[in-house]
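My structure is below; once you've seen it, I'll send some questions.
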Amino acid sequence: MKIAFIGLGNMGAPMARNLIKAGHALNLFDLNQTVLNELAALGGTISASPRDAAQGAELVLTMLPAAAHVRSVWLNEDGVLAGIGKGVPAVDCSTIDPQTARDVAAAAAKHGVAMADAPVSGGTGGAQAGTLTFMVGANPELFATLQPVLAQMGRNIVHCGDVGTGQIAKICNNLLLGISMVGVSEAMALGDALGIDTQVLAGIINSSTGRCWSSDTYNPWPGVIETAPASRGYTGGFGADLMLKDLGLATEAARQAHQPVILGAVAQQLYQSMSQRGDGGKDFSAIINSYRKPL
Amino acid sequence: MKIAFIGLGNMGAPMARNLIKAGHALNLFDLNQTVLNELAALGGTISASPRDAAQGAELVLTMLPAAAHVRSVWLNEDGVLAGIGKGVPAVDCSTIDPQTARDVAAAAAKHGVAMADAPVSGGTGGAQAGTLTFMVGANPELFATLQPVLAQMGRNIVHCGDVGTGQIAKICNNLLLGISMVGVSEAMALGDALGIDTQVLAGIINSSTGRCWSSDTYNPWPGVIETAPASRGYTGGFGADLMLKDLGLATEAARQAHQPVILGAVAQQLYQSMSQRGDGGKDFSAIINSYRKPL
Amino acid sequence: MKIAFIGLGNMGAPMARNLIKAGHALNLFDLNQTVLNELAALGGTISASPRDAAQGAELVLTMLPAAAHVRSVWLNEDGVLAGIGKGVPAVDCSTIDPQTARDVAAAAAKHGVAMADAPVSGGTGGAQAGTLTFMVGANPELFATLQPVLAQMGRNIVHCGDVGTGQIAKICNNLLLGISMVGVSEAMALGDALGIDTQVLAGIINSSTGRCWSSDTYNPWPGVIETAPASRGYTGGFGADLMLKDLGLATEAARQAHQPVILGAVAQQLYQSMSQRGDGGKDFSAIINSYRKPL
Amino acid sequence: MKIAFIGLGNMGAPMARNLIKAGHALNLFDLNQTVLNELAALGGTISASPRDAAQGAELVLTMLPAAAHVRSVWLNEDGVLAGIGKGVPAVDCSTIDPQTARDVAAAAAKHGVAMADAPVSGGTGGAQAGTLTFMVGANPELFATLQPVLAQMGRNIVHCGDVGTGQIAKICNNLLLGISMVGVSEAMALGDALGIDTQVLAGIINSSTGRCWSSDTYNPWPGVIETAPASRGYTGGFGADLMLKDLGLATEAARQAHQPVILGAVAQQLYQSMSQRGDGGKDFSAIINSYRKPL
């Protein structure tokens, strides 16, 4: 299948590599010449613009840092919509606000193109291993078309509803994740301050009503979960600045929907403080250090 | 075994009933004459005071509403310590602050009595069914002594460490539970406001990093979990005023330990607002109504 | 002086009226034909577009609801910058984010136009009476040029620094105002719940370290300040939805500047909850009702 | 007048000194022998216990660190109530919770003693200079009796209502003060991050609706107010740990009164974090450093 793949950053490049491995012919576009050359060496074709990449493609996929990039890559004069063929399936895998996802899809519809949003979770590790989760907002036909291709880059391909609902699912989940991680941090730090063994406390929580992924799989207390970033100096997981971005998307979407999100807003500010102190590059579970006496 | 059982409220009465059923001889004390008569009819003996109940008992167990009652029942002139024999095992199952638990245990130690704290979770349903969880703070010998008796009233008997750690485990878990429930409420209400199907959203969260007991077992959105209080008008679960009490214990213990708990403090205030509006008697998952447009 | 005045809403129309009264010739533009006719009857000239209004004007002034309108009125094909003469002083009095103010000013500079931002406070009452406060971001020469004209619509014309600082001053002040009003509401409601006379409490606060405009001039407790909206059913002041807008601008500007604003974010959410309950049209001091038992 | 003065710490000692200077005969009690000797050298009489101090006194005044001390000094076997004469006016100047103030006053009433609470503001500087503010909860006759004596130690003697209302006034004011100071810190730090001159911003706030004591008299930004602690390294003012204590009293009183105080609870936690980081001894306006990038 001839696929236009635009956006070859830390996530996009390994995803594109998996599609090449699966036998697809890729039209590649990015501003970074080095990564373009690397992927061309594996068999991809370098395009001069998003429009050029889209021309003749049987599917267009983009993976970009933020909403502004999505708008320009799709809507500009030399953007995807200027080159894509009528009826060609299109999907944006960036994590952006639901409104932009819907706006760009509406513009695509005017060109006769059905477009999906399909943000991912799983990080760069999942992108490399091809084990990402895709949260897909698309009409049923488009979902059926995209599903086998996405499955070559991920393990869970979840249909969330119409276009935009992929983004909604992701920001709602990550809103809760950010709150949960702060909550686990408060509970663990309080338990430690009051004098219970943290390993024992985690065990009780994990078999009780406080049970959650942030405690039983990704516990922020060092040593509780051997495979968690907390047990390796808060490195190599989901960076605090990425969580901060997602909480920003959630509170901004809430503002537009006239919907209060009180704990979410506080969690966002706590991650902002962590980032301001210079710790935005650490794993997001390092928020627990905001609750512990400095050494 | 001759057991003094003091405090026969909504939790204590069914617990005492289970001990009588198991064949123990109970010395009963409470201020409520009706419940005393009911239990006496099952074979228990009514005592004139906590001291009288404790005299001659081989084990003393109390189940009281708050720290002030625990202090007076154990420490007053006609309290348990005035009657209990040296070396008799003692346990308080009330949910109170860890400091009071330790203070009363220290007073008991002066009488030659080893005392445990063993707060429960599982509610009145678990008390009746004998399926409570006991979080036990006790020295290892005392835990070994108490374990078989507690197992006649509960299913999980967890050793948390020395006296006081039972309370610590409970308030840390419930601190996290209160935060999680608010977090799930914000995520579900936001998803709904943005236009995703709430059943689909819950499914995604429950298989992703937002997964938690408050979402996958006790989801606050009506109809998502058929067995949850949300699906029966927020009745018959864990009342918001009980959550409010536990969050009060957590933030007060945090204050004494000089430990910040930011989301916990906000969650406490949100439950306080809910209670002030007259909804403290509803299940605590009804906090989601603070995030939904009034009908 | 020939002045282009664009944006004739609740604020803009009375401001324009004051300029006409002061003897200026106005080129008027708005989408609302009724208000255009009214002002034309007083002597203004109706223009076909922002560009037409700007052509030949010696000063251009805009007063618009939000950043999107400012961008389109200034930057569109038939916008102000397409018609304005080189060297003509320009000022936008809308309340918007500082970044948009700077972006539009940068675009104006490319046309050889120095532009100021000058958001106001004082409400529709101040607009009618000509007693507004203007917070002006402009270079010193431009400020000197604008000052006498703005003084025909307002009483305090404050120079805040370069373009953008007018918006910064306004959102920082209103961030603090929103927090203070919630703080006064909590203090007054707590005092009442604990049993002190609210009039006495306000008197003590107002002569002590809690003293603030939200307490001594605009107290949210009914009857404490006879002239405050609280004493007339929370009508006729600064609407809660306007405070919500300004808190949204403040937290969004903070997000872009990587700056935490914790209480500000919570205050925003509390106003969002108030608005969701249907009370966004009341004066913002009615936030105190979120802290009082419903009648 | 023969006055029993109990509690001679940083506040009590200079207050007692002012009463001696004013010509009163003082019965002194404290656990600190050094300060007792100092004040005896000025003419006071050292007592063996609170009871002894109270015996024969025409007025009893206490100034103690916390509620537990107030209870024991007044209610113990060798406490004030064991020695005080019937009808002797009594006043406690400690800052404690309103409920303890009312409880001790009720115990005093059983001895035929009318008791007032009269917490102060003004710090050790005000205690030395005799310029304290006394917030007095007392019946009108007792207030009339106490007023001239308190006026020898302070400048503002405010009648707040019945016993307990002095404490209520103080904690409500300081609740608002704590919130305001955080609010000013957020506004100043945001303004700085966005690029406005902080001196200009403070000037605008102080003549606008954000105006408050925390900004116009005690601004947390260094250099804005020359006489404020911020301009001398956050030394010599009202310590953050004292603010933390008062916010703890406020949120605990709110809990007992079933009254939410959302921003107050967050402010308390922010001061707790500051204290945990080791900055509890700095002036409370140093909370602004929680909002500024570390150097």
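Should a chain be cited, it is by its letter among A, B, C and D, assigned in written order, with residues numbered from 1 in that chain.
Here is the rule we use: contacts are C-beta pairs under 8 Å (C-beta built on N, C-alpha and C of every residue); 3 or more make two chains touch, one makes a residue touch a chain.
Note that the coordinates shown come from a computational prediction; the quantities given were computed from them, not determined experimentally.
Across the two candidate interfaces, A-C and A-B, the one carrying more C-beta contacts is A-B.
Counted by residue number, the contact pairs of B-C are over half the same as those of A-D, the matching pair from B-D, A-D or C-D. Averaged Cα coordinates give chain A a centre that lies 52 Å from the centre of chain D.
Rounded to whole angstrom, the centroid-to-centroid distance between chain A and chain C, based on C-alpha atoms, equals 37 Å.
Each chain gets a centre from the mean of its Cα atoms; for chain A and chain B, those two points are 40 Å apart.
Listed for chain D are residues 254, 258-262, 266, 270, 273, 276, 291, each touching two or more other chains.
Residues 266, 273, 276-278, 290-291, 293-294 of chain D are the ones that touch chain A when the two sit in their complex. Considering their complex, residues 98, 121, 133, 135, 156, 158, 160-161, 164-165, 168-169, 171-177, 179-180, 182-184, 186-191, 193-197, 200-201, 204-205, 207-215, 218, 250, 253-254, 257-264, 266-267, 270, 291 of chain B touch chain A.
Touching chain D in their complex are the following residues of chain B: 248, 251-252, 254-255, 258-262, 265-266, 268-270, 272-273, 275-276.
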